[in-house]
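Okay, so chain A shows up in both of these, paired with chain B first and chain C after.
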Partner chain A sequence: MKGRAIRFIAGTVLRESLRRREIYVLVLVACGLIAVILGFDFFGIGGLTKFYREASLKVMGWTTAFAVIVLATRQLPREMENRTIYPLLARPIRRVEFLLGKLVGVLLAGLFCFALFMLIFLLGSLRIQATVPWGLFLQHMYLQLAMLAILSALGFLLSLVVHTDAAITICVLLYALSAVLATVLVHLYAYMDAVGRVLLQILTYAVPQLTLFDLSAKAVHAEAWSPLSWQIMLSLTVYAVVYTGVYFAGAFVLFRRRAL
Partner chain B sequence: MSEAVIAVSDLSVTYGRGGRTVHAVDGISFTVSEGECVGFIGVNGAGKSTTLKTLMGFLFATSGEALVWGQPAGTPESRLRIGYLPEVALYYPFMKARELLELYGGLSGLDKALLRDRIPEVLAMVGLAGKGEILLKQFSKGMQQRLGIAQSIIAEPDLFIFDELTSGLDPLGRHTLRTLLLGLKAQGKTIFFSSHELVEVESLCDRVLIIHQGRILRDATVAALRAEGGTRGLEGFFIDLIGAAGGPQA
Partner chain C sequence: MNRWSGEARRVLLLILLSGGLPLLALRVDPRAYAGGRSRDAVARSVRNTSAIARLLGELRTSLSDMMFIKTERYLHSGVGYVPHHSAQLLSVEEMGAEVDEHQSEIGAEHAGMIEDPSHAGTQTLIPDVSRDYRGFIGTLHRSVKPWRDPSRAHLHSDGTQLLPWFRIMTLNDPNYVMGYAVGGWWVSLHDVDASLAFLAEGIRNNPDAFQIRLTRGMLLLRMMRRPEVPRLELLDDLLGDFREAARLGVAQRPDPIDGLAEDQPGWSLFQEQDLWTACQTLVLLEKQYGDAVEAHRLAQAFLGVFPDNTVLRNVLLETALER
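Then we have the complex of A and B:
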């Protein structure tokens, strides 16, 4: 495995993300949200500010997730449609290195976007002298990145199975329904027979529980919450690594012998 | 006898299209020796691109074997010393020409210091001197094709595989390319390319492979084919041969 090849391909993905205008539109959205936060504080509605900080943190998470899903699902189909893949794979690199480079690149772009959001959020919060619970806040950032890794790998896998638009839709649905699904599955479990319960368990493990990676509410209402223990953080890291690994392995199996 | 740089043996490539099986390449065998310049000609759909893509590992053999530098085609080891120009390729519009060559050079194992000197040199060789800092979205089709040639020679490989060599080039571009290829030939590099430009093939190649409906119809030196074609040269021979084989649609 050549780290050099992965680095070059990841650098290209990052460069593309930074040179396209989408990312700046996202930053403008963040700036708008912060402006509203400051606006609420200006009128002295302290309680609403807290609610709004939580909402804006969530919106920033959703926006980054959406950006990463779109970026990941478009990578391989666009390389094949534009035939830019030929000069790349004509080099002495393996397809797994190519795929890993793409994954790392998408994650770096996601990290850049998310870090930019968080910076703006922090500046806004500090401006209105809101308390920033650094422990929970940093844990939230870390877990969001772990979730982006799962979404990226899933995006790659789906883009090799279905059309790009369908892959984006499925990814977004899985992400959006993740919170609802977890609750629904728990409720349904009580009403199911043995076979139904097995099916629900399969579904529980087949679909990643992405809400586990969202600490936005805790990071804002910090007076009621302590930072997560290292054991929980480790478990969540393993959880993310397993799902990312499984989806990535699936993508590699499909891409390894694909005719180009 | 020189070493066989490319050795294809009983190679078949089959794929499904619209519910039917297409035998794009049907049991072909040939070799290309070190230092040779070999033209690969045939009508559209004859199996040229499929063969070249199989040599690069973009398509996979259904049966038979293809070796490049003694390694199975498509492995990173076999691609270590290949410069490849695809039939049609777009290059990342968000990159500058220099950045693109840095990417491909870097992936081929060249270090930054070497690339700093090599990139302007290669751009000048393909007639793009001073265009390194221009975004590729501003490049015309002909300039993109020249850049394609530049990326194929950036790492100074020993074997060149070009798919539709002169596609998209204006007469000046063709002249530049011909000069470049003659220079590579003089350096003892091995060149294997497909083209519809038979005059180009005739002027550059030592040997020609003619493929039709996935099978090699003829493998002979340019001099021999030219002699068979009489006053009409290689083009006359090619037209007669394809006609005798039932024409392009047979």
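Then we have the complex of A and C:
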């Protein structure tokens, strides 16, 4: 596998996403929301930092996830519709390198989006003199990126199976409902018969539990919680790598079989 | 031609929809809908006569309910517990005492946090190992989210950070009575004037909610007990709030069955306790600061509602002797 080919494709994806200015629009909208949050006067009482932290982290998470989902699910269909895939594959680039380059490019665009948000978040924190819980905050960022890798790979896979709009919808639903899904499954289990319980077990492991990558609740109440241990971080990394790998492999198999 | 007529039909439909929906929305009176867990089923069914309001309003009240739950999580350092507030604790007086106790303990001893063993044993929303079928994923879930073993004491944190949620939940649903009543107590710990303004807004939006009147009355009563506050300036407002709270509460209370009004449709134990407090305090205030004849009359009237209230009975005897 050639690293140069992957870098080339990834660079193209990143440049294209920046050129299309979609990320900037999303970041601007999110900044507007954060500015509104900062501008709120809550009974004239200062120091209400948890609300700012929670709302900002949620806005940042949602916006970045949405940007990455749209970017990932549109990569392959757009290349095929515009026929721009042919000159790329005419080069000495293998399909796996092409797909991997796309994945890295989408993640770099997500990272860029996050970096912009981080800057805005820190400026906002400075303005209201809020302390930043660095340990939990950086862990949260890392886990969010791991989650975006899963979503990107899933987006690639779905975009090769269903229409782009359907792929976006499925990914957004999976992301938006992940927290509810995790809690509901646990509570449903008590009311299920033996067959239902087996199905729930399968569902729990077949569908990635994206809420496991959301550390924002601990970051909001940081005074009460320590950063995660390295064992938990490693477990979560492995969890993300497995799901990303499975979805990526599925996408690769479908992409390789596709006649271009 | 056919293609154009098809297009035209679609455009017309779009115009009708885009013009019609705002018109439809205008028909929805925000005050005609009352949902959420802070209201009982009968009160809701009486007030919610519009199907459109029911459909559109549920989202709003559900959001406010979610924010109310969020305040409970904030108090527990983010840990999600199964709601464990008893009916008594939802009464205005108990809530005020709870708020005071919570914040004074935190402020005095632990600089932001305290372990409260009184609620230990309450189940968490994310289950412990013994109740979780997920194995490895369950372990990760408990590590990533704020979670404490249910058998351990609750970790209580500074309630000041809740204030934005009370502001937003009542902006989102101006009929969220619980948001005003509970939020009023929390705001008063930091700024009494802001709290009084917040409660006044609640009364404007919910003129029939006797619990907001009672909250404001109790807040004024506390202020009056402070030596630096001129009593006479507050007395009229104070008596006005208690009079109105008692009048509204008595009018709303259902007729008791087997001597009990609570747990009847439309009336809960905490409402019964609030009305008890409003009637009793009003009579005592009238006796102490107002008119003894009026205190006698009110005690007599309220004994018809609460025949077991010994305070009312004593006031009745004392004022009768004075007369």
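Just so it is clear, the second predicted complex is superposed on the first by the 245 of 260 C-alpha atoms of A that agree within 3 Å, B and C clash if a C-alpha of one lies under 4 Å from a C-alpha of the other, contacts with A are read in each partner's own complex, and residues count from 1 in each chain.
Keep in mind that, in the parts below, a residue touches a chain if its C-beta (ideal position, glycine included) is under 8 Å from a C-beta of that chain, and two chains touch if they have at least 3 such contacts.
From a predicted model like this one, the values you see are computed outputs, not experimental measurements.
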{"item": "Partner chain in contact with A:Tyr142 - chain B first, chain C second, else both or neither", "value": "neither"}
{"item": "Which of chain B and chain C A:Thr84 touches, first, second, both or neither", "value": "first"}
{"item": "Which of chain B and chain C A:Arg4 touches, first, second, both or neither", "value": "first"}
{"item": "When both partners are placed on the shared chain, which of chain B and chain C touches more of chain A", "value": "C"}
{"item": "Partner chain(s) touched by A:Trp62 [first = chain B, second = chain C, both, neither]", "value": "neither"}
{"item": "Touching partner for A:Thr183 - first (chain B), second (chain C), both, neither", "value": "second"}
{"item": "First, second, both or neither for A:Phe112, with chain B first and chain C second", "value": "neither"}
{"item": "Which superposed partner A:Arg19 touches (first chain B, second chain C, both, neither)", "value": "first"}
{"item": "Partner chain(s) touched by A:Ile93 [first = chain B, second = chain C, both, neither]", "value": "first"}
{"item": "First, second, both or neither for A:Ala217, with chain B first and chain C second", "value": "second"}
{"item": "Chain A residues contacted in one complex by chain B, in the other by chain C", "value": "none"}
{"item": "Complex contact set, residues of chain C against chain A", "value": "74, 77-78, 112-113, 125-127, 131-134, 136-138, 140-141, 143-146, 155, 157, 160-161, 163-165, 167, 187, 190-191, 194-195, 198"}
{"item": "Residue numbers on chain A that touch chain C, as the complex places them", "value": "40, 42-45, 47-51, 143, 182-183, 185-186, 189, 197, 200-201, 204-205, 209, 211-215, 217-218, 220-221, 223-225, 228-229, 232, 235-236, 239"}
{"item": "Residue ranges of chain B in contact with chain A within the complex", "value": "15, 53, 56-60, 76-77, 79-80, 82-84, 86, 88-92, 94-95, 99, 103-104, 106-109, 148, 151-152"}
{"item": "Of chain A, residues touching chain B in the complex", "value": "4-5, 8-9, 11-12, 15-16, 19-20, 82-84, 86-94, 257, 259-260"}
